[in-house]
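Scrolling down, you'll hit the structures one after another.
Shared chain: subunit A. Partners: subunit B in the first complex, subunit C in the second.
Here is the complex of A and B:
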C-alpha cells in the first residue's frame, strides 16, 4: 500500500504533487478517474490505479481526453464523484465536451485537473489551459504546493457538487513533479451506488437560460472564494509594492522578496482561487499598495483579471500601476522561478540583481562539459523508430518526386531532428498528421505529385487518427500511412492503450487490432518489422509507387525499453577493428555520424567506431548499416 | 571546377562528395555511369539515377576521383582518340546476330574473352526495356547474349564493376560500357591512390561503345507508358542516320517515334560529353552509317588488337575495311560532339 493511499489522518508523508492530487481525490471519495497520459499529468491516474482495487474506484486510461471527460461525466450524472486528468493539449481536445457539460451542469462532483507544461519540457506547445475556465464559465483553482494541491482537489469536488458544475484545477510541471511533505486528511467511508435519475436530464438546451445559470454558478463560487483559505495576504500593512501570485509563483515570490531583503516594503497576495476572482477580498488587499507585480506562469491570465478588477473598483481602491507580462517585467513564455521573479522585483525597485552566482553557472557548465557525454535529443538505443525513419529516409532519398513525411505526436515527433534524419516536415496536434495527409492526398487534381508518408503512433492512431483516416479513405485521398506500432504510449511512460490488451489496473482485455480497423475501411495493410531494414525498405518502395488511395504499412516492433523490460534482445554487438573503415573514404563514420544510434561511439584514439556496451541493447540494426560489414552481431 | 588549360584541358583537383555534389549533382551533370556507386553508403543507384543519400564530410574521396564529369575534360587528341586500326566487322553466328543490336561484335568479343580465360567475368548492362537498366556481372556466353542489345538509358553500370572489384580472390574483369563508363573504369585502372578494398588492376579489358547521348530512364519510361497505351515494349532501336527515329518493338508491332521527341529526354550530362567513341577503351565498337548489320570497330590498344585478331582467326567475326568516306563521317560526328561538349563546359553555370 502506498503512503499516498494509507488511512492515517494527520500523518505526514512525502508525496509528489501528482500523488498529492490523487490523494485529494481519494479523500473526496472519488469513484471514477479517467484521463489520457501526457506530461506532466500522467502520474495522477497511475497513482489512483494502484489504489483502485483497495479503494474500489474505477480508473482508466481513456482513448483520448474528450472521452475521458465524457466518461467521467457519466459517473457524475449517476451521482458519483469523478475525476478527469490531462495535459494542456488534452483540454483543447475535450473543450467541446467541456463547454457543453458546463452548460448542462453535472451532479456528482466532477473535477478536471489540467497540468500545464511551462517551457514545453515535454510538449509540442506551451499553452495556458486557464483560459478554458473563462471560456466554459467554470471555477478555477491553482495550488501552490503539494499540500495545497491535495487540499484543493478535495475542496474542488465539494465545490463542484455545491454549484452543480465542473471545477478546474490547474497544475504546472514544477508542482506536479515536485515532492514535499503532505499532511493527510481523512478518507471517507462507504459511498452510494451509481444511479441515474431519469427525471433529471442533463441537456445543454435551452442554451440561453442555461448560459445565465452558468453565470449564477460562478457568482456562487465567487461568494465561496471570498472566504477561501486558499487566498491570503502576507506582508506589511502598507507595502510599497504588492506581488499578486498564484500557483508555484507564490513560493517564487516569497523567495524573491527574501533574496532582495524587501520584506518590509513588499506584500504578497497569494491567490488560489483565480477564476472567478473574489472581488471584495482582492480589492481590499489591492487597496494597500499603488504598485502590483503579477507572478504567474505562462500567459497573463491573472494579470488581466486583476486589471479588470482594478478598473471596476478603481474609484474605491485607487489607480494601480501593474507590472508583469504586459509591462515586460516577466516573460509570458518559459517557466518561471524565484530568480526571474526577483529580477522583475529588483527592476521595479531600481536595484541591480542577477539571479544566481554567475561564476557558479560558469563552473557548473564546465563540469557538465567535462563529465557528461554530449548526447543530442534522440531516440533510445534500439528504438524501432530510428530503424523506421532510416528505411523511410533511404526510400524517399531515392525517389525523385520529393516525397516527405507528415508527423504526428509521440516519440516519433523527434523525426524532425537528426535522430530521425530530419524526415518529419510537419508536427502539430494528436492525429493532425493524418488529417493533413488526407488534404495532401487530394491535391493531385491540382497537379500535386509529391508522395506523402503520414507517420502515426499506435496510441495516437486510436486517440485521434481514426476519423481522419475515415475521411481520407472515404474521400479517396492518396497517401501512405505508416503506423509506428511500438505497443505502448511510449513517450509518456508506457501507458497501455486499446492495442495493448491490458488496462491501467493490469486487467487483461481484448486487443483492438489496427489492421482490422483499416481492413474494415477497405484499406490494404502490410505489417513489417522495422528492424528488418531490407524488407521494410522494399515494402515502402513498393507501396509508394502508386498512391491513388490510402495504403497502410504497420511497422511493428515494441519500444526498445518495453523489450528490454520483457524478454530483452537477441544480440551482443561488437565492431571488428580490422574491417572498420573509420574516417576513411568509403565510410566517414557512417554509423555514428549518420545513423547516430547513441550505442555507437567514436573512439578517437583508435580512429574506429566502438559499441558502447553500457547503453547498446543489442537490437542488431546497425549491422545492416555498416558499409564494411565491421559491425558484428553475436546471438546470445 | 578545374581551370581550362591551353589545350582545352582541365586540371583535376581532388575533392570529396561535397565537391562532387557541387560540380556534378547540383548542376544536373551526373552521367549515371555508376563509378561512385557501391564505394560508400552515401551514394546509391536507383531506377536510372544516382542519388546522394547522406552527407559525407571528407575532403577527398574516390567518388570524386573517378567521376567522369568532375574535373578533367577533353584529355585526348583528335576526335577519335588513339586508334591503331579502323575496320568494320560482323558476327558470323546467327544466334549472336539475332540478339545483337548491329553486327554482334561486342557480344562475340566478350564471349570469346570469357571462353579463352582472358577475363573471368564481364560487366554488362542489362534489364528489360521497361524496367530500369542496371549493371550485371556475367561469366558465360549465354548470359552475354541475354544482355545483348542497347538499353539507350543510363544504367549505373560501373556500380557492378565496383562490386566485383571489392570481392576477394583474383579474377580478371572486362567491362562493356558507354564512353563515360569506360572513362571511369580506365581512371580506376590507372589510379595510383590506395583503393582498398577494391582491386582495380583486375580490369583487363575495356570494350567501349559509341554514344551520342543516353536517355534518362524515368522520362523515357513515362513517355512510353503514355505513348504506348499500356502496350509492353521489348526492344528499342535507333537506326543509323539518316533514319532519325526511335523504334520501339512491342507486341503490337514496331512503333517509330521521331527522334526530336526523344532527344529532350536525354541526360543533361550528355551535353557536356566530348567523347563519342569511348576513347579510353581497348577496343571501341559502334554502328556503321548506312550499313545495317555491321559494326565499326576502333582498335586502340595491343589487348584490343589481340582480341579482335583472335575472333577473326577463329572465324567468329567477318572483317572488312571501313570506306575512307565513312571514316571521315565518323570523325566529323565525333569532332562535332567533342566541340559541343567542350563549349558546353565553357558556358556560364
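Here is the complex of A and C:
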C-alpha cells in the first residue's frame, strides 16, 4: 500500500480504481473520510485507513451511509476537506441528507463517491445513482480509468470548494475493481485546523432562494466543465457516427471502433463531466454527425441529457438520430463491454459482427454446454449461516403453522437459495426485514397465525434495523428476531462495525452490545452458538411457541473466513466408510442433496460421501446431518 | 520470457471464489507495470467470492490502457485454477491459438454435490481443452501446494508455471520481487517455494 500513499510525484504504479480514488483524495488534502462498506466501494475507505496515521486524516466506517455523509459534512462545515463513500444503495440511504446539504451548501470541499454495480455482480439491485445529481442539483463526474479516477477525485474537491456545494463522483464495478497504471501527483503540505465560523450558518431556509442558489452553482460548474480536460473528442473531423461515452464505456467504445475498423467513419465524444453537461462543448461536437450512439452503464441518463440538449439546440446543430438504450441498440440492463458496443455499432452501420472465430466459438459453446454445469453461489465451508438456516429449517419443517423467514441484506441473503435451504422468502433493503416483520407481527388481529422469523446480520442491525425494532416493540408486534452475529460486515470484506470493538484504523473501542440494546427495549434475548445445532434448534422451537411480542435470539459465531484466519477450527472430519451406505441407504444422499456444503462431496468411485480435505475447514456441523451417524468429527 | 508481441496481450485468470485469483493477478500486474508496460486487470469481487466463478482479465500493452474486459474470442492464454472454470471461459473468450494452463484439482459445484449435475471425468475435460486450445498444460498444482504445506498456495504454484511458459513478458525474478512486495513476511518463504515449484512444472 506504500504505492498509494508514497510521496513520489510522477511515479507510475499499479493501483486499483478504489485505491486511485483514495490517492486522489490524499492529493487533494482530504482530512476526513467516512463511509459504509458495500461492493464495489469498500476499498476506498480501507485504503485511506491504512494511510490515516501517517497522513493525519480521520477515517471511519460509519454506522450507515446517511451518518457517513452527515459526519463528513461537519468536517466540511469546519473548513476541512471531507469524503463520503458508498455503493448505490447507500446513496438512497443518505438521499434526505444529501438534498438538504445541497440546499445549505458546504464550506470545505465535500465529495461523495458512489460506486454502482452494473450486472448486480454483488448487489441486491442494479441501480443508477447518477439520478441523485439531477435530483440534488449537484455536479457529477464519471471517470473511465483508474488514472482518471484519481485525477477526478482530486479535481472534485477543488470544484466543490469553488462552488460551495457537494461534488459527486460515480464509479462502477469495472472501475473500482480494475487495476491499472496510475501516475501519481503531488501530495499537499500541511493544512489548517478545523473551525466553525459561527457567523455563517448552514441552513436550508428560506428554501426557495436556496433552491435558486443551487441552480447558480450548477451554472458555475458548467462553465468550468466547458474547459475540462476530462472531456474530449477523438476521430475524424466529419464522422458519419458519433459515440458519446462516459465511464469505462469510453474504453469499450474505443475498442469496438477498432474491432470493426471504423476509425475513419466514427468519432468518440468522451465525456467525464456528465452533469451538468457542458452545453457549448457538447453541442459543438454533436454538430459533426447526424447519428449518435450513447455508450453508458445502467440507465439512459447521459442519453436523456444529450437528447434534451439536441432538442434545445436542434436549430443550430441539425436533427440527430439517437441510438442507445431507448432505441434498443444497447440493453438498459446488465453491464456493458467492448463486444456489446461493437454489436450496437455494427447494427447501426448495417454490418454483421461476430466476435472472434465464428466456427471455433460455435464448437466451444457446444463443448461447454455439454460438459460444464453451472456453478451456483453458496455459503463458504464452515459458514455459521448454513448452520443457522439448517436449525431454522428443521424447526419450521416440524411446525404445521407455515412459518417463514423474512430476510435482510448480507451474506445471509443467500438464504433465498438452496445453500440456505430456500428458507428466506423476502429480501429488500438494509433493515427492511425487521420493518416488514413489524408489519407481519401486527396482522394477528386480522387472523394471521403464521410464525415469522426475521433474520438480520450484526452490521445490518446497527445500520437500519434498530428503528424498525423500536417500532415493532412499541407497537407490540409479535415475531422472532434472529440476529446472525458473525462479528463482521462479511459480504463486503469483513469490515468492523460498532459490535466488534475495533475501528477501521485498528483502535480498540468499546463494543456496543446488541443484547443491551434489545434489553433497553424490554425484549427477552437468548444467545446461542449455531454450530451447536441441537441446542439452537431447541431454543428456536421454544421461542417460536408463543409470539405475542418480539423475541430475540442472537446466533453468535464468527464468520468462517475470519475464524479460519484467526484461530482456525476445532475438528478434523471424515466419513466412516463402514457406516455410510452410499446409494443403498434410504437417505438418498441426504448430506449432499440437502445440506450442500462444498466440503462434503460425493465420491463416485467408492459410492460414498467423502470429506474434501482441501475445502473442509472442520466446523463439525455436518456431524448431525447423517441419519446413519457416518460423518465423524475428531477434535484436533 | 518473451517480449510483448501482441497488442494487447490478453490473459484470463479463472477459478472459484477463495482460490486466490485476485492475489496472483495483482502480483502479475505489479511485475508487468514494473517492466514499464501498461497493464489493466479487471477483477470480479464480492458475491462471486461466495463459491461462484471468479475471473480476472489481464491486458498488457506497450503504450495504452485497455478496458477491463477482454472482448469475446480474444483471450491469448488462460490460467485456470480449477478445471471446470477453465473450460467454461473457452466458450466466451477462446480462440484457436489460445494456450491454457490448468490446475487439475476440481472444486465441485453445489449442484454436482447435490447430485443434480455431473462433474466431467478428468479425461473428458482434458480432451475438451485439447480440442479447443493450441497448447494445454494439465498441472497438479494443488497436490504440489499440499506437499509444500498448504493447498491454498496452488495459485502461486500456477503463477510459477505461467511464468515458466514465457507467455507473459516478465521474468521469474520480477515476480519474486512482486511477491515479496505484496505478501506478509511470515508467508513469503513458503510462497516463494511454491512459486519455484511451479516454475519446475513446465519442461
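Basically, the second predicted complex is superposed on the first by the 614 of 636 C-alpha atoms of A that agree within 3 Å, B and C clash if a C-alpha of one lies under 4 Å from a C-alpha of the other, contacts with A are read in each partner's own complex, and residues count from 1 in each chain.
One rule holds in what follows: a residue touches a chain if its C-beta (ideal position, glycine included) is under 8 Å from a C-beta of that chain, and two chains touch if they have at least 3 such contacts.
Because the structure is predicted, anything quoted here is derived from the model rather than measured.
Colleague: For A:374, using the defined touch cut-off, is the partner it touches subunit B, subunit C, both, or neither? Pick first, second, both or neither.
Modeller: second
Colleague: Between subunit B (first) and subunit C (second), which, if any, makes contact with A:627: first, second, both or neither?
Modeller: first
Colleague: Which of the two, subunit B or subunit C, is in touch with more residues of subunit A?
Modeller: On the superposition, C touches more of the residues of subunit A.
Colleague: Which partner chains sit in contact with A:587 here, subunit B, subunit C, both or neither? Use first/second/both/neither.
Modeller: first
Colleague: Contact-wise, after the overlay, does A:394 reach subunit B, subunit C, both or neither (first, second, both, neither)?
Modeller: It touches subunit B, and subunit C stays clear.
Colleague: A:219 in the overlay: touching subunit B, subunit C, both, or neither? Say first, second, both or neither.
Modeller: Neither partner.
Colleague: Can you give me the overlap between the subunit B contact set and the subunit C contact set on subunit A?
Modeller: Residues common to the subunit A contacts of subunit C and of subunit B are 593-594, listed in rising order.
Colleague: Touching residues of subunit A toward subunit C in the complex: what are they?
Modeller: 12-14, 16, 39-40, 121-123, 145, 147, 173-175, 177-181, 248, 251-252, 254-255, 259, 337-339, 342, 355-357, 360-361, 363-365, 367-369, 371-380, 411, 414, 418-419, 491-492, 589, 592-594, 596-598, 600-602, 612, 614-615
Colleague: For the complex, give me every residue of subunit B touching subunit A.
Modeller: 16, 39-42, 44, 46-47, 49, 51-58, 60-63, 218
Colleague: For subunit A, which residues are in contact with subunit B within the complex?
Modeller: Subunit A reaches subunit B through residues 393-394, 397-400, 583, 585-588, 590, 593-594, 625, 627.
Colleague: Applying the document's contact rule, which stretches of subunit C touch subunit A when the two form their complex?
Modeller: Interface residues on subunit C, with respect to subunit A: 16, 18, 25-26, 29-30, 33, 38-48, 50-53, 65-69, 71-74, 84-85, 87-88, 90-91, 94-96, 105, 107-115, 117-120, 124-125, 128, 131-132, 142, 146, 151.
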